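Sharing a structure here in structure tokens format.
Each chain gets a letter, A, B and C, in the order it is written, and its residues are counted from 1.
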């Protein structure tokens, strides 16, 4: 399996561990990730300029098309944005013509010949749960995880085609493979608040805290994410913005690739566990027992 | 032939003047690094704190293990310029040619008395291999400059804009190089130079021998004699060669070894005699040397200043953690980086949001332009509201993806520059639109939009959706049955925040406003600008209304209006 | 359009049943179908069940014109039968109606929504207006309210600043004469003080957190007085209602109950959550927010359904269709100048002869309007029939409010009608079609 790897804007500077852990867990399954000169997925620009958002996304799609590669992205916002652009380009002929006219300046064009995948669907459908189960050497029993779905991969379902938007199960299925337990928590499909960070911080943090409180009350040891922005919100932002007297109530977050990697017996280093701002205490012994972890 | 610089008082004086200007210029510019206000909170960080922070950082680095990074940066980044080769091989060749060609000319040719002679005691400027090497180095610089010109013409565009500084730099380099070769070529052809050397060095006896040498030099070495009528025979040349080997050979290699200047001399042949008459070699020599001095004096004020700032920047940034920024120490560093930028455009070519520039035409989105806006903001020049708005848009469209910082051949911490400029713009009252739009409430915005509509020619294209017009198509929102499901599933309406921050117009009310044609009232609402775009409303709408898409479109349209409204005007305007 | 592979959906699969519609009838039909191991697919908009109050009516008013209220719903059914009414209930045995209710109740109970009923008696429930409503079956969370009303025990009704459509004072005032021990209290909902308007679902979500419940109990407790029950608007959580009620009861020291509100209500969200999450686990393929754009029939009689979202479509093949698209709000029936029509199969409808006959002259006429009883005519197997009473397709069934000869709003029979007719349609499909048809699946 070979994919063009769309890491998006935030991973290189803010969340390098997401890239290293993604590469680490995909490698044993024979998935090759190819780096192309992608630009921003367009999502951050959609607030202000629809056309710029579509062009940004379309250029990425066209680059991958040129190499005849499907795109896989570990970020749910990038996924949603690219899928939205595909949707609009299919639907609106005038838009397609105009965007292709701009792309032609670089010798590119969008024809719609490639697919966009999120990392979780590649793991669940392309690699398959049986193969994932077979790769687990150190099940993370004793760990209870709240799966955070992330909005932009899930909704609107008629555009993103990710999973059942009202009762998704893909993330819990994948977490179950690692041996960890999942909880059913009321806010599981809600927003992490990150889209409002920098725009309305009080609101952004309020959304985040509602979710972390809910996860804690539901008995989760940690929140598991599969999106760059969500992880930044629950990890770095939660760590930086929680007042000293409330740090007890923080709920740490872990990337799914890190969780899976640990249960696959991959080294803590390759998964970048120490780069997370918050550590999951319960996980400590689990990975320290791993053969060859240190 | 040898008339060193030091024998001309005039040139000598010029040299010291140039050196003085250069040194003073460098001092002034470095001092400015500590005085310039770059980035936020500049008012509260006085100069002494900046100096202290810089000194502290310097000392801390020198006495830490990171100091060993110094050598790595010096060899890889400064000498081998590995940062350039990462992104562009041809540019690296160009730059290596100019840099090494010029530096070697400077050391081996200009400072031959001080450097070359010390290293190679047998050095003589007209001897092999020094003569060839000088031509090799000169050729390197000329090829490099030619590549630079070609590149700037070929890649001309928003990503690589050529400005006066770039032109001056190329012109000075070209003048120095071309005049250098012309000096050498004119000396080769010059009869008077030949005569002077004959007088000084020749042990030849009679006129026959003189003719023999002349025949040999004019035939083989390119000297042009105004009045030489002796028939040239192979014997005469053989004799001339023999005499040349005896008298001149020890300190004069064949002029052909100057493989650039010699063909040039050949080409100058027809004009050689009159040139010699006016002592063109001396004139050209003055041009050459004075051009060098001019370059020297101009250095701190020109693009060439990057010869100093770039290694410094590479060393400072290569040895420190780019993510941990101390505001006091960062200010002088940022100022130095502004001087280090050579406007090479690499950052813009790799910019992640360049497509946004293609669509909107706002060039301040591109990092190479953005760094100029930072320069102009820090210069204290007054910037108009319209310009600030444009700069702010450019600054906040940046997604902080770090690519420009990674590819910058100079190693400028661009990421930090952007962070600082965003904060600064916010300080100046030009933050993200999501923030500044909240200075008025929905109905105040609505009044302003209407007033703006009335006075301004309608920019139909930007205000109306070009591809979709959900907010004007009643088929889209009219099916709303006001069941409030959208509001009930909206996490923003539910969020527990300050009362003043609470959502005023809920999603289902937006649908109502659209039905009433009160789109302008919806545009400035908290709901629209605080929407997390989580698509809960759209996914749950029993009527299948694209609620979130409508909110997106309202934001787009609102922004189209808001940018044209004077935001600084008070409420009663 | 392609479905995500995560759905494990094979586009060449031939389904036994396609349920069209996502209201209570559609959900019930899907439940009964998957419980009987039929391969089932369902299409419809999101949130069809949001517009339920959480109460499960069987029947309490008949005949509509007399507004006669029945204590015992089964007696009302007997009366209908005696009168020869064409109400769909009359095509189903009482036993089957009871069985269908039991199956739904046990499913909801197992999914976390316990329901309470009294075999032969309609329950009396306080509404948000302070009126008393007869219903057959209530969520556990409302049960203490039934008891409180019955005993007229001292009771405190609490409401919240900014929560429109629910006024504790109005409830208390309306019921004062028959229930003097009823008092009201208004508090600011924890964390939402100062808001002009608050929304039921948000309060419900907030109450999922114990800190909100503790803060709420702290405000209510001092005002309890002699109250032996506390009534709250139906906002006590979406996922953890049982836990929340138990916790609040512990905190306050008296039983806590919910009072149903106008749709779209929180109990509607609870039902939606249960159907959304439980039915796919039982094997239902749900096509969320997909409408059936058009229908064709294959040569072997199977239905080929063109499913569409925005500018995308796909074809699904099913051996039968259960049409549960509701009336006008669910877009099961549409109207134009000529009259009303059924847009998908263009079924013949029972309807007034012309538009002027749709309504009585008096808008509030007690007997309701002829248009309120319009809909699809069916045979005893719930197959739509033509003017001569012959089934149009042997594999097309209809259930729920799209059926003719009933006025569920006035008869208070909506849920029962939906559940019972869905049950009848599914069993008829199995009896008359699956067992007898030799038609092969592709």
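Convention: contacts are C-beta pairs under 8 Å (C-beta built on N, C-alpha and C of every residue); 3 or more make two chains touch, one makes a residue touch a chain.
Everything numeric here is computed off the predicted structure, so don't read it as measured data.
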Seminar exercise, completed: Comparing each chain's Cα average against the average over all protein Cα atoms, the nearest is chain A
For this session: Using the touch rule from the top, point out the two chains with the most contacting C-beta pairs.
Result: A-B
For this session: Find the geometric centre of each of chain A and chain B from their Cα atoms only, then give the gap between the two centres in Å, rounded to an integer.
Result: 37
For this session: List the centre-to-centre spacing of chain B and chain C in whole Å, with centres computed as mean CA coordinates.
Result: 69
Exercise. Which residues of chain A are in contact with two or more other chains?
Worked result: 156-157, 165-166, 210
Seminar exercise, completed: chain B residues touching 2+ other chains are 496, 539
Exercise. Hey, what residues on chain C touch two or more of the other chains?
Worked result: 46, 205, 288-289
For this session: Provide the residue numbers of chain B that touch chain A in the complex, in ascending order.
Result: 323, 350-356, 358-360, 393, 397, 399-403, 406, 415, 432-435, 465-468, 491-492, 495-498, 501, 529-530, 532-536, 538-539, 546, 548, 552-553, 555-556, 559
Problem set entry | Partner chain C, residues of chain A touching it in the complex | 87, 90-91, 121, 124-125, 156-159, 161-167, 169-170, 184, 186-187, 210, 213-214, 217
Problem set entry | chain A-facing residues of chain C, complex | 1-7, 46, 205, 208-211, 237-240, 272, 276-277, 280, 286, 288-290, 309-312
Problem set entry | Touch list for chain B against partner chain C, complex | 481, 483-485, 487-489, 493-494, 496, 499, 502, 506, 539-544
Exercise. If you look only at chain C, which of its residues touch chain B in the complex?
Worked result: 45-48, 50-51, 191-195, 197, 199-202, 205-206, 263-264, 269, 288-289, 291, 329
